[in-house]
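Shared between the two complexes below is subunit A, which has subunit B as its partner in the first and subunit C in the second.
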Partner chain A sequence: MGIKVLFFGSVTDITQVGELSWDYCADTNILMKGLLGRFPALANKKYFLALNQQIIHENCQLKQGDTVAIMPPYSGG
Partner chain B sequence: MSSKKQHRIFFQGPIPAQKIADDIQKHAAKTNIGAHSIFLGQVRADELNGEKVVAIEYTAYELMVEEKMAVIREQFFEKYALTCMHIYHSLGRVAVGEICLFVFTSSAHRRDAIDACSEMVETIKKELPIWGKEICTNQSTVWKQNN
Partner chain C sequence: MADYNRYIRQMILPGFGVDAQQKLAEAKVLIVGMGGLGCPILQYLAGAGVGTIGIMDADRVSLSNLHRQVLFDESDIGQLKVSVAAKKIKKLNSGIQVMQYPFQLNKENALYIIKEFDCVLDATDNFGAKYLINDVCVLLNKTWIYGAVSEYEGQVAVMNNIQIPDSVHYRHLFPKQPLRNEFASCEETGVIGVLPGIIGTMQAAEAIKWITRLGKMQNSRLLNYHFLSGSWYEIGLTHNPEAPVIDESFFYQTNYDMECINEEEELDDIDIAEIDVKQLLEVLKQPGHFVLDVRELHEYPTVDFVHARIPMSVLKESLDQLPNQPVYIICHQGIRSVYAAQYIKLHKGVETYSVKGGLTAYFNTVNNE
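Showing the complex of A and B:
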């Protein structure tokens, strides 16, 4: 099942896709390290992470089938 | 009253003025209401690097917005004596001059409707994972930033 990774807003200018499947990894730090390896320009970007639609502020354990979203600051309204 | 109901807030494209009129009319039957407050967000023709904005294209993390809105609605119905609250936000392309956000609160007395409406607009901008991309006359694009 792995991890479902979602990208939004200006982050998609870097990734060119809105969604991808990532091999399972133990926590969000490992996931981000992998994503930064694949998309180095993310390092210069301000973004937040959401794990299963909840904003997270620190490293979190992952389980198979989790969804992690990489989101730049909001600009609705 | 309607605080427990799941409400989808997204509206594909601009919100027509007719919908706003129709929604007001629908409340005529709710005779315990004494006050409505309405906020309408309209796409502005900003100028970016010498190019005029012609539209904003909205995208969102829809599932997260729905989950967050359910919690926010509960909080608002606890904080304010509201009879009802309706919120619509556009997705997709909305041209300059068109309506992209419609917040409609109703209560027995004016203060609750006015305060809830005003706080909800700020909450939407701050808390909901929605993004706007400004599209200019020369087709260049700039991701919108909220102040």
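Showing the complex of A and C:
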């Protein structure tokens, strides 16, 4: 099953996709390290992470089938 | 209630009645921004009978507003948005009071204006205003309803909801204001008209629920809408331990106009020569010139005179793709290209030029010749 990763807003300018499947990894820090390796420009972006539709503020353990969302701030009106 | 017949169709709803209508009539809300989000917010709140509505915007109506700001029409071009909006809304509902603020919200006026209202609707298009609204609402213990769009997506959330204990506010999502150049505004990135219509209407819905205390609110959750997939995604929000304590001294020390550049202020000191389209056309005749397009890859149309296309979002990792020679930089409107020119000049050490007005100006000139 792995991890489902969702990208929102201007983050998709970097990833060019809104969603991808990622091999299972133990926690969100490891996941982000992998994603930064694949999308180096993410390092310059501001965003928060949500695990299974709940915002997280620290490293969190992951289990098979979890969904992680990467949400940047929006400012347009 | 004098206007019973006007509101009868909402008053007969289960749980609504005279009581909810009376709460709407007594409510005072401020809408900051009278653009794509502000127009539908104003129209629906006025229709519903919100008794006092403040509307704030310094801008005038322009032709490129009309595809999304459908309260305005062609005869309004050039007029102040708040005065046009107030005039039209009076025709929709003469029984409510509309207060006009034809200027921008700033640190000097925000406290005493927001103090007069129960709730603020954020219909702004920049981070400085959103952080200012957030901090002032936290200081004054006011609820605000956040709305924003980003290309094909939009989102809404109720912030600092005083009807629930320990409500989150915007700094729990993003404790620090983003750099000015990290994100483009709608002016540059484009927006499909119906999207702020949907998000603004959602904000109006949340405001009506907040005022009448009906139903479940977007309490501590962010609702994200994707136009292309037609889907909503909800994220529950919690307190962020890194969020600053917002008190008076924090407020007075924060520079909402300038904060966004504090990490990049050295860039601001770099003077960039801007060239107009006529000068660009001369450059294109010279051999050996190098033109860089910094628009994102999905932005159209492509143009054949550029030598490289390095989107703004990946520029910092891509400097080695640039030659050691003067670079002429172009984007959609000529805003991002100035920042790209500053960044490349500072970090690559080559002369850079930004094309004033960007491809919009280029096509205007070329098509008129």
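One rule holds for everything that comes next: the second predicted complex is superposed on the first by the 73 of 77 C-alpha atoms of A that agree within 3 Å, B and C clash if a C-alpha of one lies under 4 Å from a C-alpha of the other, contacts with A are read in each partner's own complex, and residues count from 1 in each chain.
The rule is short, and it goes like this: a contact is a pair of C-beta atoms (placed from the backbone, for glycine too) under 8 Å apart; a residue touches a chain by one contact, two chains touch by 3 or more.
All values reported here derive from a predicted model rather than from experimental measurement.
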| task | Would you sort A:P40 into first (subunit B), second (subunit C), both or neither based on which partner it touches? | result | second
| query | After superposition on the shared chain, which partner residues are touched by A:P73: those of subunit B (first), subunit C (second), both, or neither? | reply | both
| request: May I ask you to decide whether A:A50 touches subunit B, subunit C, both, or neither, giving the answer as first, second, both or neither? | output: both
| query | On subunit A, which partner's contacts cover more residues, subunit B's or subunit C's? | reply | C
| query | Looking at the overlay, what does A:Q16 touch: subunit B (first), subunit C (second), both, or neither? | reply | second
| said: With both complexes overlaid on chain A, does A:F8 touch subunit B (first), subunit C (second), both or neither? | reply: both
| request: Show which residues of subunit A both subunit B and subunit C reach, each in its own complex. | output: 6, 8-10, 13, 50, 53, 69, 71-77
| query | Inside the complex, what are the residues of subunit C that reach subunit A? | reply | 33, 35-38, 123-127, 130, 147-151, 153-155, 172-174, 176, 178, 182-186, 189, 191, 196, 222, 224, 226, 229, 233-238, 240-242, 296-298, 311, 313-314, 316-317
| field | subunit B contact footprint on subunit A (complex, rising order) | value | 6, 8-10, 13, 50, 53, 69, 71-77
| query | Along subunit A, where are the residues that touch subunit C in the complex? | reply | 6, 8-10, 13-14, 16, 18, 40-41, 44-46, 48, 50, 53-55, 57, 69, 71-77
| field | Residue ranges of subunit B touching subunit A (in the complex, touch as defined) | value | 41, 58-61, 63-64, 67-68, 89, 100-101, 121, 124-133, 143-146
